[in-house]
Structure formats: structure tokens, C-alpha cells
Amino acid sequence: MNKNLKEQVLRSSGVNVLKCMRCGKCSGTCPSYDEMEYHPHQFVYMVERGDIETLMNSKSIYKCLTCFACVDRCPRNVEPAKVVEAVRLAAVRQQGNNHMNPNQIPEMLDDDMPQQAIVTAFRKYIK
Amino acid sequence: MQVNENKEFQPLIVAFCCNWCSYAGADLAGTNRLNYPDNIKIIRVPCSCRVNPMFILRAFQRGADGVILCGCHPGDCHYTSGNYFTRRRMTLLFSMLDFLGIERNRTRVEWVSAAEGAKFAATMNEFTEAVKKLGPNRRLEDLRCRKQ
Amino acid sequence: MQEAMINKAKQLLSEGVVNRVIGWKRGEFAYDITPAVFENAEEIEKSFVYDDFTAANVSKYLVKESKKDGKILAFLKPCDTYSFNQLIKEHRIIRENVYIVGIPGGPKLDAEKIKAKGITGILGVKNENYTLKIDTIYGEETMPFYEAVLDKCASCKSKKHVIYDELIGEDGDTLDSNRFDMVEKLENMTAQERYDFWRSQLSKCIRCNACRNVCPACTCEKCVFDNPDSGIENKAPSDSFEENMFHIIRAFHVAGRCTDCGECSRVCPQNIPLHLLNRKFIKDINTFYGEFQAGEDITSLAPLNEFKQNDCEANIIHERGVE
Amino acid sequence: MQRIGVFVCHCGTNIAATIDVKAVAETLSKEPGVIVSQDYQYMCSESGQNLVKNAIKEHNLTGVVVCSCSPRMHENTFRKAAASAGLNPYLVEIANIREQCSWIHKDIASATEKAIILGKAAVAKVHLNAPLTAGESPVVKRALVIGGGIAGIQTALDIAEAGFDVDIVEKNPTIGGKMAQIDKTFPTLDCAACILTPKMVEASQNEHITIHSFSEISDVKGFVGNFTVTIKKKARFVDETKCTGCGLCTEKCPMKKVPNEFNMGLDNRSAIYIPFAQAVPKVATIDPNYCMMMKTGKCGICSKVCSAGAIDYKQQDQYIEQKYGAIVVATGFNPINLDKYDEFAYNQCPDVVTSLELERLMNAAGPNGGTLLRPSDKTHPHKIVFVQCVGSRCDDSKGKPYCSKICCMYTAKHAMLIREKYPDTEVYVFYIDVRTPGKNFDEFYRRAVEQYNVHYIKGMVGKVTPRSDGKIDVQASDLLANEQLHIDADMVVLAAAIEPDKTARPLATMLTTQMDTNDFFTEAHPKLRPVESATAGIFLSGACQGPKDIPETVAQASAAAAKAIGLLVKNSITCNPCVAHSNELMCNGCSSCEKVCPYGAITYIDKEFKMPDRTVAIRRVASVNPAVCQGCGACTVACPSGAMDLNGFSNSQIIAEVDAICK
Amino acid sequence: MLKISLDKLDKLFEAITASKTLYIPVDREDGAAEYRKYKSGMKLSNALNTVRSAKDFFFPQTENLVDFKMDGKNIEVIDIRKESEDFVIFGVRACDARSFTILDKVFLAEPVDSYYKNRREHGTVVTMACTRPAETCFCGTFGIDATSPEGDAACYSDGENLFIEAHNEKGQKFIDSISALLEDGDTAKLEETRSKTREILKKLPLANLSTDSFGGDKLNEYFNSDKWGELSESCLGCGTCTFVCPTCQCYDIKDFNTGHGIKRFRCWDSCMYSDFTKMAHGNPRLTQLERFRQRFMHKLVYFPANNNGEFGCVGCGRCLSKCPISMNIVKVMKALEVK
């Protein structure tokens, strides 16, 4: 467990993960659920445990659409999407850890991909 | 005013606490062993609205360096509306003291419920520090009352 | 105006509407006018006066006068009507026993201001086109009218009579006055500057109680400062604290009740601008709790006798203005 | 000359470990007026109290200062001790040297110094204490119960049982409340109506109980033992005394398209209506918003068919003023509005219902005669999803921060009943936690799972989407399986959070009782005085104080009744002597004090006075009713002349304390 | 006579302060004048009079008399009296100078007021003759010559020079202490100035006010006069007239609890106050009429009765300009006067 990383994620997200009552509504509402290895509620719980590196190494951090459904519906105002974003930032901040090159994106496009995914991809996949 | 030689300035602070919330909050701070400075001396009043501006001036006259008034949170007054009157009265009084050039941080109103022992202690710690920074009360002091 | 008032007074006396008249009585010089009760036409004819120096607010006398037998005629200037209303609100005056004739108000003159110009030996003062021609033992002197106007009139808040039975002349409107300018100026000073300002002013206090005794809001049966049981009784400004204390408490006691008639400053023998303390409260009340003019009506609750659940917190004082 | 005794308590080591109690006693013995100063291990113990009592007698003390724990703890103990030794109890002052000194400080020297200062302040105050005698005020032997649900009914029945008159004020046309709408009760599954309606009838027939249905409280004045309440009897346009409840008018009424509140709007009623068959009083009420006669002046059928001649279109609201000794609040609860929860599609799909609506759907007197049918197409649902904690335990602005307490159990009940009656129906319950503390509660829940095969899934529904084929897509997480589920349900049942009735807040203002931020009435003590409000004479019954199930509500209702009876059996009550009083010689009659008094305790009288100038004058002066005054002191500061002062906390006493502390 | 040029006044003041504390009247920002302790750079006021009279120097508004120290049940009495320092009051007008004679009759008569005596002995009064009397002046009514003021030493100005002469030993000592700055001067112009001033004094509006109708034997004439009612009805009962009056000498003795002791002090009192002369049984003067009457009867009848016909007023005119409602001794005298 890396304490500094946990601190960093908590600080950059501004989220109090202790408010989570583990209801799973975030995961129940998440449109990317099936794409993810770790689901929104797990993000919150794993950040609480300090298990950040596992999350950083998981592709799940790139699957979040930042649609904020989980933020809107969380009964405890935990804001899981911000946690996911914070973990992603932690990963992105490490030099050379770019998830992908923007040039790769056009060939990945297909009709089924939500537009929001493209926009968010541009926003967060590179520094 | 208690000045111990070679020690930092120890202000004298009078805290008026309403019986139902803040005095109970102070008790709770005690029950939970939450430390706050011994500079704070509490006077129990039935309600914050019992505190006449006269009492506050009196404390300053007699050498208090700070006066804090604690009552129930607005809406929670045991007497329904007392603290609302307090709030207006103290707003005007503090404003007047400020207008006369008296250091504004010597006075304070805080709402502390019976359940907020921790807040009570924290408030008192914070207020004591604030008054310490100001140093002894000179602008609203009665020289006749100063101890030789 | 004086003529119309004398005629009105004589008429009401002869018709039996009133049995006394409260007004102003001529003095030794041009300016030393004394409020007085007149009981008959001869007295009125002889010494009733209404001119540039009749500044005194007679409404406080009605606390006592309205409790005597019969109805009394009171000539009230606009500012006096506010005091009168406030006293009715506080059940200090019996309205039925007073017949109010509203009269136009100031601006009234301040003899002290003429004297402060070094003009002495004053025998007579005439206003010619807003230039004062002052006849003195040492010859005639002149000065602009407005330089001799009382402070309270220079920042007049209203020309409107808020209560009257009849009017002589036209009624005016409330004015958008500059009365908070000086308060604001002080607010913008540093705390140390404010402290120095007020020390230099309040240290002049001789505790003659003129401000309190003239104040229409100070009608207590026994003032706390005269009451040995109150804990703050004192006769003398024995210490700088006492001077502050007296004026803070006095201002606080009249907060929300003071109509800003300005009599306190007018009568202060030491020229302390006491009205600034009252105006500070008025300004704060307006800012924090909404515009309020004491004496404007007889039904509204005084700002310190009511509250709103979303009133600002007292600690707002610690956050605003200049420290 | 004062003869003051000082008693310093060690409180074992609670005080003595941090404060040099001997030094405190020694120093205070030198204060003016102090003639005896002692310390003792436990001053509150019997022998400690005897020490105080003996000193009072031996030294003929005129005042007692006890340096001990908080006055909130033992002030009464020492006051009683003083009284038993012949000293007026209000000549005792406590210096709080435990909670506010020994427990918060570590340095013995400075803690001792502070304790001495606190002791000196108490000595200075007791110098000015005056003996006070508590007055008495009579108790009106009649109780008012506000709210006619099961809580109100039970309270009223218990008070009536003790022989006191009691009035029930119910805002709806009938008593019965929420329980009347419920189908079955957990964990016994008996029919709610079967156990409630006999109590309703009992209440209506009890000679001590008067039911004011379709009525509201419009004003409350007075104080414990002597409240004056104005009850507004809303016009129901039917003469209660004449109506026989035959129901002919409701049958003949041509206006039949009025949403039926009793059935949660799931069916309709007529404009003149009796809420349900067992209503008490069984009297018709005209709904003026729908009645054609009232709206257009044309119709009048009900009036024609009524053989009793009870219809009165001109009826006005009526105000009744009544005196009461005690008031019990039983205003109950409502499910919260779910408009803000778009994700559950409550407003979009008729087949998404609340649990209370499901109660009506399953009830024999409900819209479908007891057959569970989907509201949209009246077909049998085969897959039902229950969602728990909708709006409960929420930290956001949409819901409530608390647990609504009853949902876990009624959902288990619903699931079980459905599985029992329609075994072909699949039932899913999405839960965060299943909370079943209570007698036979967990067994009940386990039965639902084990015996009735209800699918309990740990997880929360994220989204409910009505589909065009009539099914409802329920998207949820299954946290234990770590997968996201999609269930094509026929019905979704939302366990909506419950909140206090909207009438509670204005009522609390009238009663001058406290409420928490959720509008639940605050009890006088969360543990030791759970059915009393902090305002004397006002008691709390049922869900107005917090979420409760029926057995708890009934238990609390009876407890509130017991407390009310305890008050009503007294002929008079002792008043708090620490009340305001006005010095008439100094009073100006300006009315400031009257304006700030929250209790209306101050009135003005015209009194004849000999004035200082030898004249006699009639002056208007304030007069405080000591039975009404609660002693807050707001008036003392509002009074510019200082004529108003407070017993026990007088200006001079507080100033003496300030002086002593600042010495 | 000895003289000094007016533009060398600051040198004179510096010389005085070398040995003694000096108080001079100076102008305030608000146009009024008051006595202040001299500091370099201060300018002597040209104002006719100060708002507060010069009596403050010998009979201050508040004065600590004795202290009590409290320690537990013990009380210790502390005599706080100290020998006063030598001081000079410069620029006292003729009216105020006469007021000291009146105060002396009260405080230096048996039993002697040692606090007052101490100050009086250490204070040197240097007076200043008037040149521009005001309409409110009526010192002549009480036999005071504003052009020849009393005092230990007197000064006269002719517009260019200040002439100084001693009236007694103390005054002579004062002049000796500054003699280095003084030179002999020609008084011709001074006499001209003084006679001009005397002419003005004769023409003052109140020049004809007379004390003939008043005196120690007039008790019965005036005590029950029906004029008191109308004269006093507008009186506010404040203490302004009393506190600006140079001859009012009433005081109250009060204790102030400092928390650790008592300070017993005396402070000016006013017969206009409702609690004046309040005793255990109450107040013998219950109405403002009685209190108002007391003040003027004291000045015009009681005081002369006990002091060989000397009136308790010096005609300084302060109450005329300061009374909030402009009621004053002149109006009272004119109303009561038997013509």
C-alpha cells in the first residue's frame, strides 16, 4: 500500500471515501460496468484501502466515461467518478505512462462508440 | 490579566454560555477530556439572550482581554427565539466596539450545541489564540481596575 | 411663518380646542431661545418666536405635558414628528391630549458656529438672501448662511411630517441625505485611527447628561446611569472607560429607537459628534436588517425587538470593513 | 452579614487528581462572608450531603457554595439537601470544577488557580442570591392529542382510561392515519384494519374522548397545565350531528372522477365521500374543489337524497377554544416525494410504485379488490423488484440522512405476501443492509428468504427504465457476485423514506417546542425522557419524534399517555421560580420586553403611583406572569431602564461573577 | 510696568515650564477653547473663555480621596494624598479669577478642604485682562472689572505687548522667575486699550443688569415666587450649567469597586440632578422646580447671606451660551427682579 499515492488521490479528487456506505448504486448505474475490471464501488473501496497501484495498472481507469451518473445518483455524495479521475491522473502523471497516442484514435472509431467517449479520450489520454 | 514573568501573555477570557446548549457542550468537552486553555472562565446564563451588553463591557472594564458568547444554534434555542435576539444585539454591539476602534477579535459569538463538546474545545482554543495575538486589552480597560 | 403660527395658536386657544401651547420663547439675544408653554394669547403675542434659531425639539416635553389636564397645541417640525411618533409607539405620550400642527422645519442655525468664526458680541442676526448679516458690538459681520447651519439640519433626512392634525404650509418629502458620510469615513479608517478619533472626542465629555436629558428616546423613569443598583451607575467621567461605556450603552439603549433628530450633538457643550454613534447603529440596522426609520410609524417592531431566521451572524463584524 | 459555607468535592480522584482541593477550600475560606470551608471525597454521597446539611444547621448558613461537578448534574441534589436542612434551595450555587476545570486541564497549579477563581465567582454570586419560592399554577384536567393515527388513538384511549377528558384533533375526515391504509402488519401478518378499527370505534365511543375530525390547530397559548388552544373545524359541508353515514350521497354524486387519497390516488372517489368503510366518524365530507354544486351552483343531488338533511353547502370553518393541561403531539409521517429520483422512473411509469401504494394494491378494500395487478394494464406481475433505501440514508439534498427504520421489515412482508399468494411471481429485493432488530424480526426476514425464496441481492438499483414492451428494465449491481444485473421486471416497488408530516413544523412553532433539522420533534432527553418535549406539558407520541413501526409507536403512545396522566393527576404544578420580574417604579411601559417575550408572559397594567414629585399618576407598567415565564431573560436586555430583572440570574449576580472572575 | 512683546510669548511659556507646569487656554479643532498643559508649539487662545472654567485646577471634576485595599476579609486604608506640584495657570479671565475667591470661601473656611488647599497653595494664577468682551458677559454686575483682573499676577495686552504686574507675593515670585525676559514698558497705549474696553463693557446688552433686587435678605421675596414654575418648566435637568460654571462647588463622594479594592473619589454634582441631596429617607427636593430654584437661590440669596453679601456668580456667561434650552441666571434675574 502506498500512502503517498492514496493521499494524492484523496487530495486531487477532494472525495471523502469514508462516506461510502457500500450500497453499490454507482455500479448499478454505471454504463461502462461490463467494460471494467474494477467497478466504481470498488474504486472507492480500494482507494479507502490504499490499493491505488492495482487500480492504476488496470484498464478500468480508461473505461469510465465521466458521465457522472454515479456522482448524480450516489446517495452519500461520494462522487466515485472523481475518484476514478484522480486515479487516472495519478497514472497519467507518471512519465511515459501515456495510455495511447492521439493518432491512434481515428482508427479506433466505430459507429457504436459514444461521442462522449471520444471527447473524454482526447481530454485525458495524454498529458 | 495574568502575566507570568518570562512566560507568554496569558489573556483572561470570559465565556458566557447558555445553560441548555453551550454550557452542556462545555460539560461534554470536559466529559470527553478535550483540553482547552484555563484562560477561559465560564459564566452560566439561562440563555444567550440574557447577556446584556453591559456584562461584556463590564468584563473588559475589569481586565478581561476577550469575551465570547456561546448559545444554542439558531433555531435550536431552548426558549425558541432567544439566540435570534442575541444575534442582533451582539452584531450591533460588536459593530459599535469596532467603530470605536476596539480590536474586533476580542469579541465573538459562537453557536455550540450540547452535543458539540469538540467544537466547544476547538472554539475556545482558537479564540484564546486569537486574543493572545492581540495582547492585553488596553483600549477598553478601566485603569482604576488595573492591578498594580 | 411666525405670524401664521401665532394666529393659529390664538385661534385654537379661543375656540377651546386646546388650553396650552408649546413652542419657543424669545430670549435676551437673537439666538437664546427657550422652549416654553404658553397659556394665553397675551403671552404668545409677547414672546412666541419661530425663526432660524428655534431648533429645539419640543416633543420630549409632551411626555409630561400630555399627562396634564386638557389638550395642548404642539408645533412640530418634520424631524420632531418622528420623535413624537416614536414616543407614542412606546406609550410615553397620550396622543389624544396633543393637537399637532405641523410646521416647516429648518435649516436652523447654530450660534456656536457663528461664534467659532470669531464673531462675538452678537446683538442681532439677519438672513438676507442666505447671507447672514450679524450685528455685533464691534460692528456688522457677514457670513454665508449655510456655514452656520446646525449639523443636524445640514444632513436633514426628511421634510415630511409623519403625524399631525393639521399643517401650516406644504408637507415635504423624505430626503436622500448624506447623513452617513461621516460614519462611512470613520469606518474606512483603521481601528487605531478610529480609536484615536473617539478618544479625542469622548475625552472631552464632562458627563453633564445634556445629551441624555434632551434625547426624546431617553425617557426612562430612572436612567441606569442614575441607578446605584444597575451596576453601571456613575456621575463622573472618572476614567476613559467610563466615557466610552456611557456613550456605548446610551447609543445601544436607543438603537432602533433613535429617530436621528440630532439633539444630542446640538446640545453637547463640548461639541462631541454624538449623533455619529446613533447613526452608526442606524446604518448597521439598515445594512443588516433592511431599511428602518424609527418613528416613521407607530406599529413596526423595533429592529432589536424582532429577528429573522436568516439574519447575518454577529461575526460578520469580524470580516467586513477595515480592521 | 452573610454566612456562607463552601464545600469542595474531590469526586474521588476526578477532581482531586488535578486540583489541590485542600488549597481551594483553604483559599475560599478567606473570602468575605465565608465562615466554613471544607473538602470531602464525594460531596454528592449521603455522608457528603450530611456534611452540608450539618454545616447549614451548625453555622446557621445563609448561603452554600459547592465546588463539584456540573450544576447540570447535581445542582438539584444539593438544593434538596439544603432545603431539608432548612435553607432555601435557591441559596445554593455550584462551582463547576470538574467538567470545566479538572477534566480539561493537566497542570495542577493552574487548574487549582482556575478552580479558586470559579469558586470565588460562585461565592460572589451567592452573596446576592435571594431566597426564592416556587409558585404554583393549577392544572386543567383535560388533554389534547394532535393527530388521530394509531399513536394518537392509543394515547387518547390510555388517557381516557385514567378518567381524564381527552380531545383528538385529526386533520383528515377520519381518524386511523397511515395504519388504516396498511394491508397486513409484520411480523405476524395480521390484518391491520382488523386490529385498528376496533380501537377507532372504541375511541369514538369512549365517553371521555371527543374527536374533532377534519380539524386543525390554529393557535396555542399558555403553558404547562394551562394551555388555551384554538381548534379550527374545517367546513365539511355536512352536518356531523345529522349524517348517519348511510353513503347514499356518495353513490348518487355525479362527480366520480376525484383521485382517491385513501387509495393513494390509484382509483377515484366521488366529490362527496367517506374515506373508507370503517371511517370514524362515519360522516360524509364534500370536497369543494370538485363538488359541482359548490363550483357551479348546479347539482344539489346529495342534498336531495339525504334523508337526514345533513348537507349544508353554506357551512363555514368553525373555531373552538378549549383549555388543556397537557398536549400530546402525534402528527405522524408521510413517505417522501420521489419526484427528484429520475433514475427510478417513478413519475414516468405507473408500474413503479411506492410501498404504501403496494399496500393499497394488495388490500381487499383497495382499487383492485385485493388482487395484485399492475396499475398500467391490470395484468398480474410475474417479476417484481423491490428497491430499499430510496431516499433514506442519503447525504444529498434529495433524500433524508436517516434510516427510515421500517422499510426492511415491510419489504420482507410484501415479498412474502406476494410469494405466498402468487407463487409464480419472482421477487427480488435489492438491499444495502437488512436491518431487523426487533422481536421475531430477523426470523421473519429469514423466512422470506428461506421459506419463500425471495431473492435478496446485496446491491443497489442504479437505473429503472420502462420499456416499450411494458416491461421495466432494472439495472442494478450485485455486489457479492461483482456483476451488473439487468432484470426485466413487471413492477418495481420503491421503499420511499418517511418524513414527518408537513403540519409538524408550524405546529412546533405554535407549541414552542424544538425540532431537529429533519423536522422530527426533539425529545427532552434522547435516552431518559424520550416521550416528552423540552417544553413542559407537551408530549410526543409516534413517528413525529422519529421513524417507528407500529409496536414501537403504540408503546410510545402509551408512554406519552402515562406522562400526560402523571401531569393531569396533579391539582397544581410547581413553577420555576427563576423568572423575570419588573420593578414597577422604574418601568416605562415602553413594551420592549413584551415584544421579545416568546411566551407572552408579559402584560401591561395601568397602575396608580405616587410619583417622586408628590403627584399621583396612573402609569402603564409591565407585569410578568410567573407561571408563564420560563426565565430566558430576553426581556431583561430589551428593557432600557433595567426595570426587568431575572431571579436567580440577576444583573447584579452576573456582574458579581464577572467581577470575581476578572479580579 | 514690565512687558514682553506678544510675539515672544512662546519664550515666556518655555521659561515658565522650566520650573513649573504651565496650563494655558488653547483653541481646539471645533473652535472652542480649553486649558491644556503647555507643550512647545502651543498657541495661546484668543478666545474670551474656555468651555470648562479654570476651577478644574483647584477643584477637579473627579478626585481620588482615599483607597481601600481588600484582601480576602481584610481591608487596608491607603492615604493616597500627595503634595501637589507647583503649577501656573496662565490667561485666566477676570471672572474666573474672581471665582477662586468664591471657592476659597467654601473650601478654605473651616473645616478646611485639604485637597483643595494643597492645590491652591501650589498654583499661581496669572490672569489676562479682557479686550473683546462678548454679549453674554455681565461680570460688571458683580463688581468685576474685566480690564483689571485679580489673580496672583495680571497681564494686559495692548495688541503689541503683554504687560505684567504682581498682585501679591506669589505673583511677584512668578514675575521674578521670568524677569530675564521682561523689560519696562510704556503703558500709554495700554491705557488707551483699557479705556476702549471699558467703553465697550458699558455698552454690553447686559451692562445694566443689577443685583440690587437680590442678596442674603431676599429669601422670603423669592422663595415662593410664582415665576419659578414657568422658568423651570423647560429645564432638562442636565448638569451643563453647573459643570461649566466657575463657582458651582457641589460634589458627591462615591466609592468605586475596582475588584481588588475601593477607590473613594469625589466628583462634581449638580443640584439640577434628581438624586442631588438624596438621603436615606429620599430627596427633599422632589421636583425640577425645587432643584432649579435651589441653584439660583443659592447663587443670588443663600450664598450672599452666608458670605457678607458676596454673590455666587461672576457673570462669565458660560451658562448663557451652553444651556441646551437657553435658560440661565440672567433670565432668572430679569424675571424675578423687582423694578
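Structural remarks
Note that the chains are named A, B, C, D and E in the order they appear, and that numbering of residues resets to 1 at the start of each chain.
The rule we apply is simple: contacts are C-beta pairs under 8 Å (C-beta built on N, C-alpha and C of every residue); 3 or more make two chains touch, one makes a residue touch a chain.
The structure presented is a predicted model; accordingly, all values stated were derived computationally and were not measured.
Between chain A and chain E, the least number of touch steps comes to 2. Common neighbours of chain A and chain C under the contact rule above are D. Minimum number of contact steps separating chain A from chain B: 2. On a Cα centroid basis, the chain most remote from chain E in this structure is A.
Of all chains present, the one whose mean CA position sits nearest the global mean of protein CA atoms is B.
Comparing chain pairs D-E and C-D by the number of C-beta pairs in contact, the larger count belongs to C-D. Measuring from the averaged C-alpha position of chain A to that of chain D gives a distance of 45 Å. Chain centres here are Cα means. That of chain B falls 36 Å from that of chain C.
Annotation: 46 Å between the Cα-based centres of chain B and chain E. Chain D has its Cα centroid 33 Å from the Cα centroid of chain B.
In chain B, the positions touching at least two other chains are 53-54, 58, 62-63, 81, 85, 89, 142, 144-145.
Residues of chain D in contact with at least two other chains: 596, 638, 651, 655, 659, 662-663. Residue positions 256, 259-260, 274 of chain E each touch two or more of the other chains.
Chains touching one another, given as pairs, are A-D, B-C, B-D, B-E, C-D, C-E, D-E. For chain B in complex with chain E, the touching residues are 62-63, 142, 144-145, 147. The residues of chain C lying in touch with chain E in their complex are 27-29, 31-37, 56, 61, 111-113, 115-118, 120-123, 136-138, 204, 206-210, 212-214, 226, 234-238, 263, 266-267, 269-271. By the touch criterion stated above, chain E contacts chain D in their complex at residues 70, 72-73, 257, 259-260, 274, 283, 286-288. Looking at the complex, you find that chain C touches chain D at residues 67, 90-92, 219-224, 227, 229-231, 253-254, 301-302, 304-306.
Contacts from chain A toward chain D in the complex involve residues 19, 21-30, 33-34, 39, 41-42, 69, 73-77.
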